[in-house]
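Letters A, B and C name the chains as they come in the text, with residue numbers starting at 1 for each one.
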């Protein structure tokens, strides 16, 4: 499928604006990034959703939800490797040239181990609180910057709920 | 009260920008929407707060808090009906023409049943987590898109807190 | 250290845009604000992080984390005094001329009392929920406006988790 150049440019721009607004960054290598965006648009046309261009989608949406871009693995990969699996998203350190890009190993579990949503938090997930604005999120590591107030990662603390938030049973 | 055209235009623009930034959409029918914004500004002048233009405000702010626009009922109505009670806000599906607008029944409880803030979550409220970025919110249904990373509704999961977040008593 | 005028202007613009996007406001007194931004850039150059220009930084990052701007004390000070310690950030009421600026007493504890991150919420921190969009945060008081949907402070309620969010032990 051939992607219209104007549509490609606009999608790239929108992705970039959304990324920056949330404290994320697209890879500044424009050629690389445009190639990935083209792959996203191709998958959008083929499957009806923008599956990760660097993985093989099944075409069954409920089996591919975790690899719809941005995938469930982007943020842990940004924390650990400085980039997502495709290197479409990169961390501050990579953007600033303080860290080199490297191959990112596949973090997605084999299909049989993929967790169905269950009534408990996945292993490794913790509650984090921004000490500046009180933003709460549930992740393995805190985000690079607070999406609300833009404070940096080191302003987050692991959070234990105040007893006032716990229902009396 | 007559509303200045310039003020009307600016308020509409600001509402629209705020809506889009948070993943919401104003009704694209400009005439309809401007009429509602005019109603909001009229109520702002009359009561000192922008009470819902499609409901009868009491004029006593503490009794009207739930119908200050956007009202407490907008998001459940967007999930269930694709629009808020006034059709000032519409869902993605309505915006994209995949769902028709219809009359939205009044969800606001009669006054005697309106819940005073109490030390427990309202019935139907659950914790939702965006699997992409870890954003947490407490609602009946997940939002249409994640306000932080723009992932779509189907990337949210019901969330159970990790034991590390629960205080030891 | 002398700060380049262009860099000063750009930093000020970015700070302002970030503030507004999150529902915060810089002091509209441009001369005052630019002086503080210059102090932030000076500290950035001196210490490697933008420590509060109105306090004496130690130069040891782990001891200064709480006073990297915006500091941990900004939001409680905005709630109580209408401005942060430096008056770099001001509240809606101050911006609208409904409240006068006044000296803000130092809220930072003496070093020996500064809390190391501990496995419990700090005293006074509560969970707050925006009744409009379900945004959750953990602070002493709710924010001036919801950073997600821009609802005002009086739309927040103290939040007690639904039992469905509590892990069964």
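Criterion: a residue touches a chain if its C-beta (ideal position, glycine included) is under 8 Å from a C-beta of that chain, and two chains touch if they have at least 3 such contacts.
Since we're looking at a predicted model, the values are computed, not measured.
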Chain C against chain A, contact positions shared by both copies (same if over half, else different): different
Cα-superposition angle relating the copies chain C and chain B, to nearest 5°: 120
Distance from the mean Cα position of chain C to that of chain A, given in whole angstrom: 26
Multi-chain contact residues (two or more partners), chain C: 21, 119-121, 136, 158-162, 164, 166-167
Complex contacts: residues of chain C adjacent to chain A: 18, 21-22, 24, 61, 65-66, 68, 70-72, 74-75, 117, 119-121, 125-128, 136-139, 143, 147, 158-164, 166-168
Residues of chain B touching chain A in the complex: 21, 119-121, 129, 131-136, 148-152, 154-155, 157-162, 164-167, 169
